[in-house]
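For reference, the structure is listed below as structure tokens.
Chains: A, B, C, D, E and F, in written order; residue numbering restarts at 1 for each.
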Amino acid sequence: MALQDYKFTHFLVSSPTPFVAHVEINRPKKLNAFSEEVWLEFGRLFDRLSHDPEVRAVVLSGAGDRAFTAGLDVQSAGEGLTVSATKGADAARNAAVLRRHIAEFQACITSMEKCEKPVICVLHGISLGLAIDIACCADVRLAARGTRFAVKEVDIGLAADIGSLARLPRIVGSMSWVKDVCLSARDFSADEALAVGFVSRVLETKAAAVEAGLEMAARLATKSPVAVQGTKELLNHAKDNTIADSLRYTGVWNAAALQSGDFTAALQSGLTKKQPRFEKL
Amino acid sequence: MALQDYKFTHFLVSSPTPFVAHVEINRPKKLNAFSEEVWLEFGRLFDRLSHDPEVRAVVLSGAGDRAFTAGLDVQSAGEGLTVSATKGADAARNAAVLRRHIAEFQACITSMEKCEKPVICVLHGISLGLAIDIACCADVRLAARGTRFAVKEVDIGLAADIGSLARLPRIVGSMSWVKDVCLSARDFSADEALAVGFVSRVLETKAAAVEAGLEMAARLATKSPVAVQGTKELLNHAKDNTIADSLRYTGVWNAAALQSGDFTAALQSGLTKKQPRFEKL
Amino acid sequence: MALQDYKFTHFLVSSPTPFVAHVEINRPKKLNAFSEEVWLEFGRLFDRLSHDPEVRAVVLSGAGDRAFTAGLDVQSAGEGLTVSATKGADAARNAAVLRRHIAEFQACITSMEKCEKPVICVLHGISLGLAIDIACCADVRLAARGTRFAVKEVDIGLAADIGSLARLPRIVGSMSWVKDVCLSARDFSADEALAVGFVSRVLETKAAAVEAGLEMAARLATKSPVAVQGTKELLNHAKDNTIADSLRYTGVWNAAALQSGDFTAALQSGLTKKQPRFEKL
Amino acid sequence: MALQDYKFTHFLVSSPTPFVAHVEINRPKKLNAFSEEVWLEFGRLFDRLSHDPEVRAVVLSGAGDRAFTAGLDVQSAGEGLTVSATKGADAARNAAVLRRHIAEFQACITSMEKCEKPVICVLHGISLGLAIDIACCADVRLAARGTRFAVKEVDIGLAADIGSLARLPRIVGSMSWVKDVCLSARDFSADEALAVGFVSRVLETKAAAVEAGLEMAARLATKSPVAVQGTKELLNHAKDNTIADSLRYTGVWNAAALQSGDFTAALQSGLTKKQPRFEKL
Amino acid sequence: MALQDYKFTHFLVSSPTPFVAHVEINRPKKLNAFSEEVWLEFGRLFDRLSHDPEVRAVVLSGAGDRAFTAGLDVQSAGEGLTVSATKGADAARNAAVLRRHIAEFQACITSMEKCEKPVICVLHGISLGLAIDIACCADVRLAARGTRFAVKEVDIGLAADIGSLARLPRIVGSMSWVKDVCLSARDFSADEALAVGFVSRVLETKAAAVEAGLEMAARLATKSPVAVQGTKELLNHAKDNTIADSLRYTGVWNAAALQSGDFTAALQSGLTKKQPRFEKL
Amino acid sequence: MALQDYKFTHFLVSSPTPFVAHVEINRPKKLNAFSEEVWLEFGRLFDRLSHDPEVRAVVLSGAGDRAFTAGLDVQSAGEGLTVSATKGADAARNAAVLRRHIAEFQACITSMEKCEKPVICVLHGISLGLAIDIACCADVRLAARGTRFAVKEVDIGLAADIGSLARLPRIVGSMSWVKDVCLSARDFSADEALAVGFVSRVLETKAAAVEAGLEMAARLATKSPVAVQGTKELLNHAKDNTIADSLRYTGVWNAAALQSGDFTAALQSGLTKKQPRFEKL
């Protein structure tokens, strides 16, 4: 990864091991809260990681000790929400403005879900509201023990609209739990998140969680990128389609993917016990 | 809630705290079993709660100590099922009668899922067959420790048709468990229900479970009804739609919802530490 | 079951109790690995079980102590994959050949999902790659404690295409876990499989797990086949359809199913405490 | 049909031939416009026709010479629309009231689409706005030559919400024409309606069109009701589902329907050249 | 096409021009009616044409002057239908037998829709019932002027279940016309079929229609098989999917297809004005 | 419309009447063919028109007398296609590059479909390949008599992938015709396009067709933009969703839209016979 090219105001991007990008939300004094400027940059960053052949796995965490992100920067973004509905306009015209605003915001966060490379999200500290919307777009979620989670939107008088409500029912098995935390906006802990399957591993500290995320990313980065990226794509397709449609799509997808050299390289490496080398993707 | 207006034969409706309705299935001598008359009334009751501006959260439990509900009142309803297929008619004509009968029955129970206000279902004692169909339509499920659960229909020679089979795969994450309990009709306990995510909390006794349900309802009733009801609607929509469709629907929904005064009221209350007051809905 | 008629090269079929078929993958020296010949036979076998009125429940396990199945017989099948893409043809023509090959392979494994009778899959020993694709098509999954599971395909340079990626998101609630094991190809244990709901029960040994599977099958075989087979069909339908569509389909399905004699037989047997006898299906 | 039982304020119901119901919108002085009271009655009427065994086909037309219907009774219903949004409430609360209002109105008109018996809609004279919403719910559409059609809603400042926009794209093949008439609200003639397939026949006068509708209904009423009603149901299902889903649904539907006596009766009548008699449905 | 290998009892297969297969239904004395044996053979024939690299386009017509096909051979197949419901079994068990029977029958006819090569169906003479089901599975439909069409099933007391009702709403734009002909079972002419778009061309005689079909097939056979077969697949996919899903599938499909040599060959031939040669597929 | 702000290299943008934008593809010497640079600009242009409150209707035509567009600029874009597949990479890696390339191209053209304002496409002269993809994204299609249409892609060895195959089946009623023109790549005339409903009006000359388009746009621009834009959105939604989903979405949409002042303004203007004035949107 050509690190010097990744210049972003609100995000740190580093490459601790080959083919791994570590992205940190970098507004620690604001508890890593998101203003409009931040989410627009977030979208551009993940669009770029998606096509960067030097990147095979991404880890996302928050800078600083206190928060992954406290969510919306209500001061700036909240104002945005209100301002975006032009003063004096009727409710229908306000609705049009708000719809566009929400759609753009959603698209920026969805960029992470659409990123062709797997994304491991490491949650820690304060992880409220938008933190959940973002985490839902990651592939794998890890958490530090002390993380404070909440689908907080109800407490500011609105239904979460950047994706938590759309994605949680497909990410977690228990609808009773999903509705409980979404309707009540109550806090939940890392252990509760693990028990219901929202995260798949809990580590003792933020540091340990980030390290675990980077290790997993490093491991994924040694594998065939054709295989890894195909697996992400097909699992995302499966979430939204019938089994018959998924099987059909899988066949068409793999008809090209199986013509890579990675299959042979992987088999070879199994015999020779050497690490295979895979071409860029 | 104008309690005096809720006059139902088979259900008790009370309002223990402002904006909360407590509904009890009230045929304790019959183990709260459902005849056709009962489910027709059930549908009417939830249609009404759905639009009553005095109601912001509903708790459903069974009257008496023995049962949430033992399910279908086989004596009366079972006869109904057989009788509903006109004697002497051919199988196609019988099928038409049965289809209409099933559709009407399904619609009555589905009224609870469509109720715009969140419904917390407190399961306790005998909770068989139709008890599961009903619980699947609730938003949050709690249980008392001794509850005896079973998807009982296979044991009376039929596939559950009032919604358990349609909804369980979207409510619980483990299809292996779902198929186990549906195919075998075996009993399962509250702790097993908790472990697989069918219920999200187990309390020691029925009394404790009802209290926990009422507390949760009371808490939901203090929050913005625009936010709470929108959250329910969007989560229900998400269960049945692709992520892209849900995001689009969410944007349209919130474009109106964000124009409520609740957002401002909630933000204000955050600053002033006073309980916000929300207009009726 | 007319056992003598079930003559298959790679599968043992026995009937330990009435109406129960026990199918064993029978290539223990090859760790029960699947060549093309094996999966074609697998498809034919389950198509037949599906319509055999002497069969009401099926148990699938692997012969020998070492493996349920080690997955693809890479030596023969892998060659198949490469050979199937005609040497020298362009990528588009290779893709057509591969697409047909994958579709046929998928259809053979899907036969088990489409089998009208419930299938209990007992996993034990080595259970890699195709083992997961197959297990995903079963209704109930049990495991022996020492089972070594992995969605292994990424490690041979490809995305799993025989159904694991299409089905796991609908079988297990935690997408974070699903993506973790599919992207990393790491091993997971029976206890982990139980914790996330991939299997619904873990037994100490293969023998105990097979016995538990056969017992469950025996129990299912005593119940109304109209009820059991309808329940399987409706749960499979529900996985792929909206709730409204499932309810409509259920009504049409049960309009015929409720006209069986099993309802009466089951009710009778409840009164007389005798085991009901159900007609073949 | 027990005519004396059909007592409706805004609709005439007669039975010109056995098993045929002729429904006339009966507010000729108001150009058969619909107030809320009218559409609520419309819903109840078609729910009843749907299950009446004396009815096998329905014809819908408008009373008087001037109009099928001029659409919404803007004076009463339009006020309704405005009033229904409680004065002084915020836009989110107004939206909730409007949503319920629209849903109820849609459900009343949809009753005609869900009516199990085929409905032939005879359009004549003024046929604006709601006239199109209603006609879209019929099975067959005929028109008198002078009919004045328009999807008029845009001209009163709103998008048609009682079904024209949802159904026209599935009823007529040319999206360019659909968008033209819906966006421009321009008038179109019976011949244009025929050319694009919105109606399937044009007659010279209202009288001739009604007669043609009644003749078609009389013919349908002599046929197997199992066959006719099944055909309607399966075509409606097909409009909303994939081909694979439709074929599966068809198989389940006909598995009951083929067990009627109508198949034998129809074959017999083919041999004996006598009119078959079919049992009620 | 290695003609000598195509040995079928009820179908003639010839190859009038390179890469073109002409299939004739060959039971002229029975008006080309279909018994179970015929439709099973039909399925096998099209499965084979689908993968035969010597075939790039198929024309289907009926042998003899009188009929494309009169539909179901009611004598043999109709008996089949009745017999297939085991005598004395209850309605639920009969339904299971009928469901399997219908599913198998549907699958045989669907083979033509799934055939990877384009199929041109030439309709002529008597073309009733199953004739329409079959024609709906073709890609292009031509007709001779005197053809007598009817969706005849209602007249023998059943709803068409081999695909006409599932496919007509997606093949023809006017639902009013579709419902008219399906509900009434009335005859319609080639010109009417052309006017509503069911067929796209009418020729004066059967001979002229067959010739036109063969000419079109010959022309398609000179074009890139990658392009032609991809076009068929993508149009079939589009009929059943949203636009967004179709675009995504198209991208994956063409990512392999664009790597054929056909693109270059076609461009070259455009420059050199020589007929391009395409590799087999 | 602040014309001076619309500075595009390949498109002319003018505003002949208030609120109407006339867009002309402006590469007449290249027969208005599209290189990558052109389609990227096309996407940006329609994204901007979508949100410009000065625009209420758009007309698209080609500059010059010879062509609407001859389609892909094969010289530059075709090279692009080939080059985009990195030389020497394996087929799987080439496929990834092509997939991204196609997705970006599709998104640019789809911008016109997503444009919130109605788009009238005036086809004239040479209108091949990409011309059809583009026209399919418009709302209304008009044509000049001499227009030469063809879905030309098969003749350059590929399946159309920028949307014609995804959209034509939803735009035109006759699948037989759609498959004929897509599989054969044959030319068709404006009159044929009108007969099948691809265009909804044919004018004698390009000038007359452009004038007709501008007149229609001018008329739409006088109507309520809330009503017009809502109608476009709801019709587009309906193309991709079930009727029940469309009705639900419509209710949510109109719950905000009905709160505009346009309803009152339109009713007023009906009474006063004055042209209503609508606020910007």
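The rule is simple: a residue touches a chain if its C-beta (ideal position, glycine included) is under 8 Å from a C-beta of that chain, and two chains touch if they have at least 3 such contacts.
Labels paired with UniProt names: A, B, C, D, E, F = Enoyl-CoA hydratase.
Since we're looking at a predicted model, the values are computed, not measured.
Asks: Quick check on the contact network: minimum steps from chain C (Enoyl-CoA hydratase) to chain E (Enoyl-CoA hydratase)?
Replies: Minimal hop count between chain C (Enoyl-CoA hydratase) and chain E (Enoyl-CoA hydratase): 1.
Asks: Figure out the least number of contact steps between chain B (Enoyl-CoA hydratase) and chain D (Enoyl-CoA hydratase), where 1 means they touch directly.
Replies: The least step count works out to 1.
Asks: Please identify each chain that touches chain E (Enoyl-CoA hydratase) as well as chain F (Enoyl-CoA hydratase).
Replies: A, B, C, D
Asks: Determine whether chain B (Enoyl-CoA hydratase) and chain F (Enoyl-CoA hydratase), two copies of the same sequence, contact each other through the same residue numbers or different ones, counting it as same when over half of the numbers at the interface appear on both sides.
Replies: same
Asks: Name the chain pair with more contacting C-beta pairs, choosing from C-F and A-E.
Replies: A-E
Asks: More than half of C-E's contact pairs recur, by residue number, in one of B-D, A-B or E-F. Which one?
Replies: More than half of the contact pairs of C-E reappear in B-D.
Asks: Can you give the whole-Å distance between the Cα centres of chain D (Enoyl-CoA hydratase) and chain E (Enoyl-CoA hydratase)?
Replies: Between these chains, centre-to-centre, one finds 33 Å.
Asks: Using mean CA coordinates as chain centres, what's the gap between chain C (Enoyl-CoA hydratase) and chain D (Enoyl-CoA hydratase) in Å?
Replies: 47
Asks: Could you list the positions in chain F (Enoyl-CoA hydratase) whose residues touch two or more of the other chains?
Replies: 91, 94-96, 170, 172-174, 196-197, 226, 239, 241, 244, 252-253, 255-260, 262
Asks: Please output the residues of chain B (Enoyl-CoA hydratase) touching chain C (Enoyl-CoA hydratase) within their complex, sorted ascending.
Replies: Residues of chain B (Enoyl-CoA hydratase) touching chain C (Enoyl-CoA hydratase): 74, 78, 81-82, 85, 91, 94-96, 98-99, 102-103, 106, 110, 113, 153-161, 163, 165-170, 172-180, 182-185, 196-197, 239-241.
Asks: Which chain D (Enoyl-CoA hydratase) residues qualify as touching chain E (Enoyl-CoA hydratase) in the complex?
Replies: Residues 118, 139-141, 170-174, 196-201, 216, 219-220, 223-224, 226-228, 230-235, 238-239, 242-244, 246-248, 250-260, 262-267, 270, 276, 278 of chain D (Enoyl-CoA hydratase) touch chain E (Enoyl-CoA hydratase) in their complex.
Asks: State the interface residues of chain A (Enoyl-CoA hydratase) toward chain D (Enoyl-CoA hydratase) in the complex, per the touch definition above.
Replies: Checking each residue of chain A (Enoyl-CoA hydratase) against chain D (Enoyl-CoA hydratase) gives 91, 94-95, 244.
Asks: Which residues of chain D (Enoyl-CoA hydratase) touch chain C (Enoyl-CoA hydratase) once you look at their complex with the stated criterion?
Replies: So the residues of chain D (Enoyl-CoA hydratase) in touch with chain C (Enoyl-CoA hydratase) come to 241, 245, 249, 252-253, 255-256, 259.
Asks: For chain A (Enoyl-CoA hydratase), which residues count as touching chain F (Enoyl-CoA hydratase) in their complex?
Replies: Those residues of chain A (Enoyl-CoA hydratase) that touch chain F (Enoyl-CoA hydratase) are 51, 89-93, 95-96, 100, 116, 226, 229, 256-262, 279-281.
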